[in-house]
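Multiple structures are listed underneath, in structure tokens.
The same chain A turns up in both complexes below, where it pairs with chain B and then with chain C.
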Partner chain A sequence: MSAATFINIQNLSVGYTSQSGEIIRVLRNVSLSINRGESIGLVGESGSGKSTLALAALGFFKRGLRALEGDVEFDGIDMLALERDDLQAIRGGRLALIPQNSGQSLTPTLRIGLQVAEALRLHSQLNESDFEARVVELLTQVRLPEPATLLSRFPHELSGGQQQRVAVAMALAGEPDALLLDEPTTGLDVTTQAHILELLRDLASERNMAMLYVSHDLGAISRVCDRVAVMYAGEIVLKGSTKQVLLSPRHPYAHGLLSSIPRLTQTSLPLALDGRPPMPSETITGCAFADRCALADERCRSTPPTLKQLESGEKVRCFHPDRIDQLPVVNKTVTQKGNVSADHGGDALGLNQLAISYAKPSLWNQLFSNASMPPATVDNINILIRTGETLGLVGESGSGKSTILKAIAGLISPKTGHLVLNGEGRLTPKVENRSALHLRQIQMIFQNPDDSLNPRHNIAQILAQPLRLYFSLTGEELRQRSIELLERVRLGSHYLDRRPSQLSGGEKQRVAVARAFAAEPAIVLCDEVTSALDVSVQAAVLDLLNELKAQRGTTYIFVSHDLAVVKAISNRVAVLYQGRLCEIGPVEAVYSKPFHPYTDVLLGAVLEPDPNFMPKLSADDVVELSPPKTGCPFQRRCPRKLGKICDTDVPPGRIFDNGHQINCHIPETDL
Partner chain B sequence: MSTAALTKNPAKRQRYVAVLLDMMNRPSGAIGLSLVLFHLCLAIISPVIVPYDFKLQDASLMLSQPSNAHWLGADHLGRDIFSRTMLGGREALLVTGIATPLAVLWGGFVGILFGLTGGRLDEILMRIVDAFLSLPWILKMLVLIVTFGTGLEVLIPTLAFFYGIPVIRIARAATHDVIARDFVWAAKARGHSRISIIWRELLPNVLDTLMVEGAMRWSWMLLAFSSLSFLGFGVSPPTPDWGLMISDARGYMSFAPWGVIGPVVALSSLIIGINLTADALAKALGIDRAQKAPM
Partner chain C sequence: MLTMILRRIFLGLATISIVSLIIFAGVEILPGDACTQYLEQDQADVELLEKCRDDLNLNRPAHERYTEWALGALTGDLGMSVNGEAKISDLVGARFANSLLLAFFALLVGVPLAMLLGVITGLWRDRKPDIIFSTIAIFAMTIPEFVSATLLILVFSVWLGWLPGIVLTSAGSPISEFFPEILLPVIVLSLVMTAHVMRMVRSSVIEVMASDYVQMATLKGVPYWQMVFRHALPNALLPAINVVALTIAWLLGGVVVIEVVFNYPGLGRMMIDAISDRDLPVVQAIALIVASIYVCINLTADLMTMIANPKLRTMYLRK
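Take a look at the complex of A and B:
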């Protein structure tokens, strides 16, 4: 077996025949080769064809797609010419796939042990009697705790990170020579993601596997890959070593993509990449990126560039790789987020001793048992939000950040505590009982615009809802106001007749933003508003939110799991764990020493798109399902736990300058 | 309800036109729609174009073979089977054509109501629905028909009632799907009234499902009506009806098998047509989740 090319994709084009009989190309003339022991990252935004390419390496095409031309070879075997039975022997055996969201790829009704054994039955020569020992060995290899007891568990009893590890174990069962990973850590918490990436990296180097790592996340790519290929509109536009691509990208698209990622080292907003990629059905005469490129000239629009090798070793599909320096790097055009002084405007919203509980005692327990209730999901939240400021709420899944937003919106009632609006008086907990004025003043933007915009309404109808409800606008007045709103979110009047399904993800989220601002609100609740978007689109939406805030002095409560995004947009940050406040203070204070141990863990796990950056992993990624009954919420995972006091006593608030507060037993000087 | 919206809102009208065009572009939709349309036209104009009077008995023609004068032969009373087949769907289409919308309306209404209520009451009501569905339909219907008689005034409400019950399940499930989505939460957070949320956010999304369900119910109901006629509880003689005709011709199958061909072909082509239409409608509306297995 030659040490050279292991997976070899040559001049591959993949496409489908449209209803009108045209052949539409999703991948255009893509070549990629991976050597044994090498890991290659495949980066691109949604629709760039990166997943299609990874699946093509398996000789697999999604329904409707087919290879139009080109070759796919795996270790000298022509994958496109193989019969189904022969393909099945290779797939999952020597060439394994680890999909995104493996929670859905595990069978919910089979125990973990059986599912991993199934992979052994298909792809190993072992005797049935040796399966159990081997399964335990595999689960140990993927660093799952107590593998012997895991055998009899069902998938739903494991956390998302553990499920992903089981998927890795199943992939390893066939002793693969190559791994294909399709967004394997997307949707996991930062700490979990960092641990899984470490695991994958170590496995690949131990077993000398070839890896193709598909992701939109350049931070993850920088941790595991030696080389990176950047895809745009079905083509590879830049190929080079991870260092070259991430530190000095020589293609304008890669450059734009990297500048649109918010980073912990910056406090300003990232630079948005305007426009949208061409659809596969559009005819492209020149460079596919020309319309969005600041360097584009006549030649770029008329002649398609070829993939050329530079002296430094990268391959670039661009006429101007030497002019990249002329592109802007930092965001200078937009308004910087203003500092909110303590006396400015007063208080927008106060959360007083807020506690929220989802658990309801059953009738049986109420009558016959005095079993105590589980601790509240969210407890003891005291935050005062000032007018015109952006408060970021960060934490991993289950930290109660969205629950708090729902309580503010009146969608769930707090168990105890109350909300104070404008420093005036209590806000009625239930949305049904709130006054029209209060309703109008608090608006919410949801995570996924696919879900928050009614698919059966057009944009005009969507925007009309708040305008009719709060301002009783009708007819021409309504139309004018809707157009005004669309223009404010940088969309035009021609969007009025469209339906959400006809818009891109970023456009849909803009409509959702416009709908929230239609009410002329004082407070806007943003629930993970950029998590479902591509990074370049995320930057544009963040930019828009910041601009609207500057124009109108709106107060934001911005919930996100992404610490870099929160840092980019917020004035103040609150760090939550298990529904309890760990740390709150101005951005600069929270993101620098002194740290709450949990903040330290979170920041350490963030992956920067920089190969020189090393995450430090100081706590296990075990997911806790309910908060502890007494003491500090972080007691079970804390790397700096003091002792018994953490288990029994609620940590005191340590106060620093500028209202920076850390709830921890560790003395101020040691934090 | 939908017709009022149709004329009022051009965007909605456009959508239904697009759905219709989409259906006609699919083989299932084109075949299905033309079969249904053919039967509807036939039902309307057949009294004018039938070659013979359906009541006309000719003893000399009793159980005669198909011939040039009588294309499908004659039945045991010497009546022209071709003419009777042409007329045989009128009663069935009339009854089911009224009963289907009634069933979808009441079943849909109750289903949406259950779906919105939720909680323990919803659970209890659904178990009652389940219990009802577990009884054989023919038994349930015969009880009512034997008690109240077989006229249209009994058949239509009976069919509408029993065929509305499965619609409850569908409407409830569709409601549950929609109310969990963020756009409903968004409307709630804005402070819209319950009625407005149901009308604007929920109904448009449930309506598609109900339309497809209605088309499916229609074909089941036609089968049920024909079965009742076959058993002698549907249309009373001498009115021609496919179910009744099959029942009559069944006794002579061994020596005059052509008697069943006409009504069987007519009935099955109509039902296949409706099913194909429902299938194309689901696909055109984008609520058909059937997918090819990945293997």
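Take a look at the complex of A and C:
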């Protein structure tokens, strides 16, 4: 090892003893070294052991887990042999962690200022009296607005992005030489994520810090890391420079992972990586990836490959790194997105002048005060959705995407405006008053299958519900139909008596899809259906949705904050900001010039898994709590704001070809 | 914040009035009235009955009597007991003071002990201290109070002769006279109460100790006990406020079984006695008092939680 090696993990195995007394390995023989000033990305599917490895660098193991063998050194110190006091001095001091979910990692009962000052008290030589000034300085350094007033706030009074910045400030308080980052931007809006990553890049180079950046987001990794290690089932399967790993991955798993990412530059659906990784408790005889690998042969199944260095410098755990180019790169199996032209098919659903407000004046307020109501959460939405088309809804958190879906599903009543189904007549607002036919025709799939599938029911019971309700099926007929549905979502009849807890995330989401399709709906509402899934699984679910649509001519309304995903699956896209429509039109038109200023900002912040790619950050990432009362919804953040007119007048719709419309005061020719 | 508090108080008062209506209506719907009940209808002497009805104003329409009763209750006048011998407020007052006394000592022992044991068992989860105390707690919770009370009487007063097994002091005596008779009931009550509150604190501590912010505090280098006291306990003990409040309400409302076993002159036994004496005005009064206690204590607990929990506090402050 070179003298500069700073964090040095050698042959580390981490595991636990199962109830039957077996030792189960979660990390297997992992070696990773990081030099000063270097940043290394750690990628892999959920459960591959990324967090476990990052925490092990701090000499920390979650309850139940322990180091089975191997060494963890930080600047020559053996972290696994340290006493509690010495560990405390290093943790949060020279070696600091920025955790996976800052919202939950800040203590809810302590003020922000105190929590950052606590790190100072523990890890700096400053006097108590200088703490406040230093905390303000740190909060300024992570570009938080009005740091002095933030001191006395509690964590829940900050937005997700601000909480993440506080976590960064807290880590910087100990003047660390090395940072461990566990998914620091997962769950944040694209613009916020891009801003935080830029901040981290700057800080790392300013302070010559070593960084271990854990993420399943290859776009983020490509932006901050020099080298990347790919993990699979508790092992490192590929290590190399960011360029090598992201542009020409020499391991079949890394290759599959990269091709499963939807990209803005592509028009088709990404390639799905089928199957799932082995559980830590499964015995693996050969290569852990063999079951999912298109190149697998006899040798792969019987002998575990070792990590070997290639001539080009990467280290690969695979027998056939030279055969990578035999793997498919583009998605050929999927039928192309059906093209829906204006005159084709009828109208599936019309949203007419829809306005939705959550603020309900309580009885008390009606009686005793006359405070003015805040502007409606969603306002002035006019969209006509055609049969068989997929309409994508994008926007940052708080843009009202889910609210619109809830109104369509009848879970919340619009304040004004109405819905028209099949071009026939008004749809009753409340779900409980809708006819059985209408209920059947509109189905919804939710973000998190864990919340939407009853854990106490098995799959047969879950699928039987809609089949009984809408088609009065029973007995053998019911069973046949359930199996048919499962086969349609590429699961077999042997899933019928399993429970949701026995399925992987992707399988659960497929069951949720099958349940929605059991009703033979005309319209399916998809609310962030792939956000909780790994990219490889996401690709499979997108593929499935598209195939079902091609077979049945179903209409989708697809909500996501991920612009690339929306681009991959939609025919038409609507961009929302603060519950108001900014832009709507065919996919190709929305994702290319002319842009609404907000669309431009959003697209600029999207990170591509390509080290040569630079995001374009044109607007800051403040979070707005409620829409402005008058004028353009985007007025407070718009980088191209014209002036007073944007504050006072609702922007006019600028109309382009193919029903492409941009709501902005900037004239057509300048957009 | 202030409107919030006023609103809660208003709602509390509304609840009490509704409950009072229900209590009153309930008594009205019963066959017969307070006097026929008291005098056991068939054998009742018509004259006595009439006199009794006159005394209690039972001949007037129900709504007038309700208003009178409710207004009286507001000023602390709960009417006369059915035999016309005593003011209910005096009777209840003395009994209530006794219940208060019992509750006070039970809480004085039980709450700090429950918190301490809850925290200890939570922190040392699945290790010796937890296993020992949790087992005891489960016993204390599952054995019915009258069994544990009888057992304690057997051990401490019958065998060892250390403590009196029964309370002979009458209601209204000065506090000092209740010693040492009150000790055994206090022990039994605190045992049950400690077990319940401790289990709840334990699970809350375990949950908080597994939280991301406690892990973060550890990884920030915060020493263990500082982490426990600054980061974990304030969050773990917040939900305890409501549990303790419910326990207080339960104690004040009269712990019937304990009072009967120990012959303790508290509110619970008074209720039982009033029922067996068919003294409806007293039953009515006690029901109203117990309901009011529940409402007041819940209100206080909610307000305290609101003040102690920054999330709730800021929500109302900034609105």
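Going forward, the second predicted complex is superposed on the first by the 660 of 671 C-alpha atoms of A that agree within 3 Å, B and C clash if a C-alpha of one lies under 4 Å from a C-alpha of the other, contacts with A are read in each partner's own complex, and residues count from 1 in each chain.
In the analysis below, a contact is a pair of C-beta atoms (placed from the backbone, for glycine too) under 8 Å apart; a residue touches a chain by one contact, two chains touch by 3 or more.
No experiment lies behind these values; they were computed from the predicted model shown.
So, on chain A, is it clash or fit between chain B and chain C?
Partners clash after overlay.
For A:431, is the partner it touches chain B (first), chain C (second), both, or none of the two (neither)?
In the superposition, A:431 contacts chain B only.
Touching A:93 in the superposition: chain B (first), chain C (second), both, neither?
A:93 contacts chain C only, not chain B.
Per the contact definition in the header, classify A:63: touching chain B only (first), chain C only (second), both, or neither.
In the superposition, A:63 contacts both chain B and chain C.
Of the two partner chains, chain B (first) and chain C (second), which one does A:16 touch, if any: first, second, both, or neither?
neither
Mind working out whether A:471 is in touch with chain B, chain C, both or neither, as first, second, both or neither?
It touches nothing on chain B or chain C.
Should A:519 be classified as contacting the first partner (chain B), the second (chain C), both, or neither?
first
State whether A:170 touches chain B only (first), chain C only (second), both chains, or neither.
second
Contact-wise, after the overlay, does A:455 reach chain B, chain C, both or neither (first, second, both, neither)?
Only chain B; A:455 stays clear of chain C.
Which of 25-33, 151-159, 169-177 or 187-195 in chain C clashes with chain B after superposition?
That would be 151-159, the only stretch with clashing C-alpha atoms.
Just which bits of chain A does chain B share with chain C as contact spots?
Shared contact residues on chain A (touching chain B in one complex, chain C in the other): 63.
In their complex, what parts of chain A are in touch with chain B?
So the residues of chain A in touch with chain B come to 63, 409-411, 431-432, 434, 436, 439-440, 442-444, 446-448, 451-458, 461, 465-466, 469, 497, 515, 519.
Quick one: which bits of chain C touch chain A in the complex? Just the residue numbers, please.
Residues of chain C touching chain A: 7, 210-224, 230-231, 234-235, 238, 309-311, 314.
Which residues of chain B touch chain A in the complex?
Interface residues on chain B, with respect to chain A: 11, 181-183, 185-192, 200-201, 204-205, 291-292, 294.
Chain C touches which residues of chain A in the complex?
It comes out as residues 55, 58, 60, 62-63, 84, 87-93, 96-97, 99-101, 104-111, 118-119, 122-123, 154, 156-157, 170, 174, 364.
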